[in-house]
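Here it is, the structure, as structure tokens.
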Amino acid sequence: MTELAAVKAALRTQAVETPSWAYGNSGTRFKVFAQQGVPRTPREKLEDAGQVHAFTGVAPTVALHIPWDKVEDYTALAKYAEERGVRLGAINSNTFQDDDYKLGSICHPEAAVRRKAVDHLLECVDIMDATGSRDLKLWFADGTNYPGQDDIRGRQDRLAEGLAEVYERLGDGQRMLLEYKFFEPAFYTTDVPDWGTAYAHCLKLGPKAQVVVDTGHHAPGTNIEFIVATLLREGKLGGFDFNSRFYADDDLMVGAADPFQLFRIMYEVVRGGGFTSDVAFMLDQCHNIEAKIPAIIRSVMNVQEATAKALLVDRDALSVAQASGDVLAANAVLMDAYNTDVRPLLREVREEMGLDPEPLAAYARSGWAEEIVASRVGGEQAGWGA
Amino acid sequence: MTELAAVKAALRTQAVETPSWAYGNSGTRFKVFAQQGVPRTPREKLEDAGQVHAFTGVAPTVALHIPWDKVEDYTALAKYAEERGVRLGAINSNTFQDDDYKLGSICHPEAAVRRKAVDHLLECVDIMDATGSRDLKLWFADGTNYPGQDDIRGRQDRLAEGLAEVYERLGDGQRMLLEYKFFEPAFYTTDVPDWGTAYAHCLKLGPKAQVVVDTGHHAPGTNIEFIVATLLREGKLGGFDFNSRFYADDDLMVGAADPFQLFRIMYEVVRGGGFTSDVAFMLDQCHNIEAKIPAIIRSVMNVQEATAKALLVDRDALSVAQASGDVLAANAVLMDAYNTDVRPLLREVREEMGLDPEPLAAYARSGWAEEIVASRVGGEQAGWGA
Amino acid sequence: MTELAAVKAALRTQAVETPSWAYGNSGTRFKVFAQQGVPRTPREKLEDAGQVHAFTGVAPTVALHIPWDKVEDYTALAKYAEERGVRLGAINSNTFQDDDYKLGSICHPEAAVRRKAVDHLLECVDIMDATGSRDLKLWFADGTNYPGQDDIRGRQDRLAEGLAEVYERLGDGQRMLLEYKFFEPAFYTTDVPDWGTAYAHCLKLGPKAQVVVDTGHHAPGTNIEFIVATLLREGKLGGFDFNSRFYADDDLMVGAADPFQLFRIMYEVVRGGGFTSDVAFMLDQCHNIEAKIPAIIRSVMNVQEATAKALLVDRDALSVAQASGDVLAANAVLMDAYNTDVRPLLREVREEMGLDPEPLAAYARSGWAEEIVASRVGGEQAGWGA
Amino acid sequence: MTELAAVKAALRTQAVETPSWAYGNSGTRFKVFAQQGVPRTPREKLEDAGQVHAFTGVAPTVALHIPWDKVEDYTALAKYAEERGVRLGAINSNTFQDDDYKLGSICHPEAAVRRKAVDHLLECVDIMDATGSRDLKLWFADGTNYPGQDDIRGRQDRLAEGLAEVYERLGDGQRMLLEYKFFEPAFYTTDVPDWGTAYAHCLKLGPKAQVVVDTGHHAPGTNIEFIVATLLREGKLGGFDFNSRFYADDDLMVGAADPFQLFRIMYEVVRGGGFTSDVAFMLDQCHNIEAKIPAIIRSVMNVQEATAKALLVDRDALSVAQASGDVLAANAVLMDAYNTDVRPLLREVREEMGLDPEPLAAYARSGWAEEIVASRVGGEQAGWGA
């Protein structure tokens, strides 16, 4: 297989999971702007996800969020997904929207609230059993707003205790992905604020516990690719929540704010063997003002483009330049790949997969956008909290 | 008058405006946790504000937010305020919660939306005429989320045009306070992102246009007291929106995150003559998880303590040390004031004003908290958007 | 002229000024790593700059730094520059390396130090008269390290006074470019910390005073293209100091850290008419660990590539998408230009200019690097402070 | 023992190590401003450190930096220290000022350079044997400036290998303290950029490897006290390098930029048992523009004040408020301690220790400052690199 053929083969097998909630309404604390045609049910979200996969060919699974996507019969839901061309993916827990969680969930000072939170997580594993999902993705809104509000260290003890109980419940082939976040919604301390905290907990829990990197969850200036390289080296990178940001956790389309950073991240994934391992590539975005399905298609394409560039890096030439200490030559090797316009290559890959080379144009022509606006009338649109 | 007497006199005449919306529910994009006893009407907000003033003695006015505080009869509202011991303060506009404002208000690409936004601002001036308010506080959520989304420069032109129309409408003794904000809810560009932009617009508009500094609206590391000193030097500091933050626009209680910064800001106010001028001192906070009225009382007290320390700086000794280039001595003069425990002094001031020296304890004993929980049942609680 | 021809014509006339000091040694506070072949005299710097221009064709001028480039006879220096194919450019002042400047220069508490600083600036204008330079570039290291150290507002008064005296001295066709910087070497206050401060001073001084944007001199997250658009709209953008940074004022090669940001900046320049006006495009970089001449060639090429992409934006399509509020379409128009590989176009432009299409390879083949290592032996290498 | 007596007892036994290099000249990349009377030899640094301890009573040890403090006979140096009332403390390595280290030291791509770096570290352990020092403090300037420059993961492998060799060499009772730093002097990647990386390496190395927290080495907004609490919980907090910063690694006097943060850090130390354990409290500062000895005295006092406030926190009341979820009450307990003026208490403590209650005034009266200016004439002043 030629090198280019290998690159193409890798691109054909890429899988980017889309999140059910990105198809629903979202917004800021100031306002949620509703959009027409937004899904009202988990099934309608799967229909939209099916569109994204139909046009991109690389978005075969859909992450669920419990309780937003809670249904009576997960087997039926999984079957419906398959009918729409996709499969159910990671289960995302929610321990931040119940009134009991005002001061935290798994780290709450009261044992009763912690019990409730852990029970919810255990329920999520039950759902994983039903859906056949591999990953339980855990993000905790836990933290404090004011110095002194709660005991920083005590909260870590409670966190460790709760996670351990859930870890024990995991079946063979199931994983727990622990997400960290710099801040928000907690404004003074966050109980899992950085990769180090997530790593330390996962290390103690065991091999089924892995860290998930949300690209929007870091302090200003943080070198994310360094974290990716480090977690891969430690065997502790479970997956990504992709999105992009200029300021805080803006949840914009991945690749929209700093495409060079996304390329560098994907290069470390490739270099560290993450592209062919169990690392999960997921989107976690909010399309507050732009059309949702095309935004998700665009996001998937942005990941593809960054991946293609990363795969095109001449790693032999890079190693030679690095070993010789030639700073400019080594940088030039990386930049050569980045500066390449990979869109023609991806058009070829899509045609070889039997897809339209231009997913966005093809989606626009498909009439789906008009169809859902016409048909999804009445009912309550899905959204955060819906 | 001795120096201490002068400090006390200054502290007695201090006025911190509380915002009607801080008495209502608030939260993050993830969740608004409702609290018991929260006001359901503008009048109930005024009642709570009356409590804050009753116990602190230095919170005589209440800022209104339109349309959240829209009423039929502002004269009656003003009269009700007076009955509760307070007066109506600044009028705050809202051009961010209508569906039309998804892509902006006064800077929106469509003329019709801009017209609607400007009309709202003109209506706010009408309300100012009715309430006798001096200040129109303008904060725009306008901006863009993605590079290319709109024309950065064109939006400035639209902003200038809209502001000019509103400026013309201002009566004698009325002012327009233009607030800047680093980001949120816009995530790529914000149309008034920094003091420089607000200043440039206000300068062109004229003397009735002034800049307002929200202490939570800056890039990480920004030296806010420098901005305060500069705006006072330029005669363009209209007022403050006080709150505190560790990360973004966290809207925590002022003085809770960095009390030394608050002291430095108040010192520049004192040094620049801002304490005895038309600078408006307002709170703009969200008490998402803590009890609202005590949080506001505490915030007012935090401003008082910072002010007291700023007034206690030995400015003569400071000038001598500064002029001689004695870095450590000059710093020590400032720190001596900051390290002073001014709570005994403030207790005295309160007693001299006929108040309980301990506002929080006195409020707790008053029974108000229990009374509103018992009486404010049913109806819709006030909150952002309510 | 076709559109592509117009783009090429614009690229052929682009002019990027290189700084004399970038050819000398530089480093961090921890260590300056000397490099072989580094110039020892202003003439040798001009020789190196001549190489950069010879291979890129778009670096026709060289900025001088006084006193680092102080010579007896500036006419002779200008003549020597011309012999090496370049011209003398902006004069950069230095008021930060004399022992007297420990607590500032033009803002120093002592009048004698301020006098010395202003005299130096006036001397720089004398040199401009001799060199025929248009621009005096002013960057002040002035500020304080500790709260209380000096009077923030008083320093602004001194700054205004000093600048006014220098402004008066400017001849016809001469300009004063005032640079702002977020922090460093001052760690608490900086006397010109942001574009707003520079703008306010320049506005009062008059039309010959313009703001210069150093791309490394902002708070984390600052939207630089917004500032560029705003200053162009105000008629106050004097020029750029290009470099790139991940953290603070890292002074890396422009385009190395965030090439998408550089593109967005260049787009605002093009959109705002800055490309065909008096805006000066200068590099201000430190090649601490990489070979200096190739790093500067690469930097010039990076500016060219960003400019080419900016020129390729389909502005009509962009305007249509923006006016219609189609967020994704508008973003896509911008991204289409950015994702284009413009290196073939630039190779063509170079060939049409009679240059080698690959400046770095051509420079490497030229033998200049080996020549200077062999010949520049002995003497004192140029560097900051040398 | 009453509670106050316990607080006083704790304050009397506090030990803050001062760094030999803080007595020498320092500066920024722009300029080092030399000061009169600065030490020229390790012995003169010890003399100055002796003054700091003589007046504060809580600075009994001095950190050495190799090779800046390299001497023939460490036993003699230790004896000289004792004569001046102090003892030798941690040994700090230097792998950043040799020309070989341009691209790194222990992580350098070339084995020969790594060998040299590791040999230096082993030499430092030899010196520890001679001085009786417990701690080897490791800070590496290693990293890269440009994407692609070197292999991020490969550098971690080299780091691990080098550290392991040094770890093996440690004797009983000796420790390796690994310091992390966000950036500088490397501007793209840093090989130990955060606590997570330092922690992961220390964990693998074993119990003698511990993390050191430099308070100036974090991304903007990082919650340092969270890291302190976490490392104490993990048994991996080896010590502190205290200083303060507004922007980057400003190395200002500890407590000068954010005294409330320092208090919160010290509270977590107290709460986590760190105050009575093996946690090393060291200063790492640069007194670029202020007089050095008084700056260090002031810094030690600032640590004392923060410690006193932390010890005064009513932990029982805090626990009650935290357990009940009373956000405002819990915050108030912490703030009560912070708002206390502890200077009178510290004056008492000093008097009980037989010291002058006002260390700075006593030092000023002592004549030492004048003495060293008069006597330390000629020779080469100590400084970074000297």
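Residue numbering begins at 1 within each chain, and the chains themselves are lettered A, B, C and D in the order written.
As a convention for this text, a residue touches a chain if its C-beta (ideal position, glycine included) is under 8 Å from a C-beta of that chain, and two chains touch if they have at least 3 such contacts.
Note that the structure is a prediction, hence the values are computed from the model and not measured.
Novice: Expressed in steps between touching chains, what is the minimal separation of subunit A and subunit C?
Specialist: Minimum step count, subunit A to subunit C: 1.
Novice: Could you quickly compare B-D and A-B and let me know which has more C-beta contacts?
Specialist: A-B
Novice: Rounded to a whole Å, what is the gap between the Cα centroids of subunit B and subunit D?
Specialist: 40
Novice: Mind checking the centre-to-centre distance between subunit A and subunit B? Centres are C-alpha means, answer in whole Å.
Specialist: Whole-Å distance between the two chain centres: 38.
Novice: What are the residue numbers in subunit A that touch two or more other chains?
Specialist: Answer for subunit A, listing residues that touch two or more other chains: 103, 145-147, 182-183, 188, 220-221, 223, 246-247, 256, 260, 289-290, 327-328, 331-332.
Novice: If we count contacts the way the header does, which residues on subunit D are in touch with subunit A in the complex?
Specialist: 103, 109-110, 145-154, 156-157, 182-183, 188-190, 193-197, 199-200, 203, 218-223, 225-227, 229-230, 232-234, 260, 264, 268, 271-272, 318-319, 321-325, 327-328, 330-335
Novice: Considering the complex alone, what residue numbers of subunit A touch subunit B?
Specialist: 26-31, 33-34, 96-97, 99, 101-103, 141, 145-147, 182-185, 187-188, 220, 245-248, 250, 252-253, 256-257, 288-290, 384-385
Novice: Where on subunit B does subunit D make contact in their complex?
Specialist: Touching subunit D: residues 220-221, 223, 246-247, 256-261, 289-291, 294-295, 298, 305, 327-328, 331-332, 338-341, 343, 360 of subunit B.
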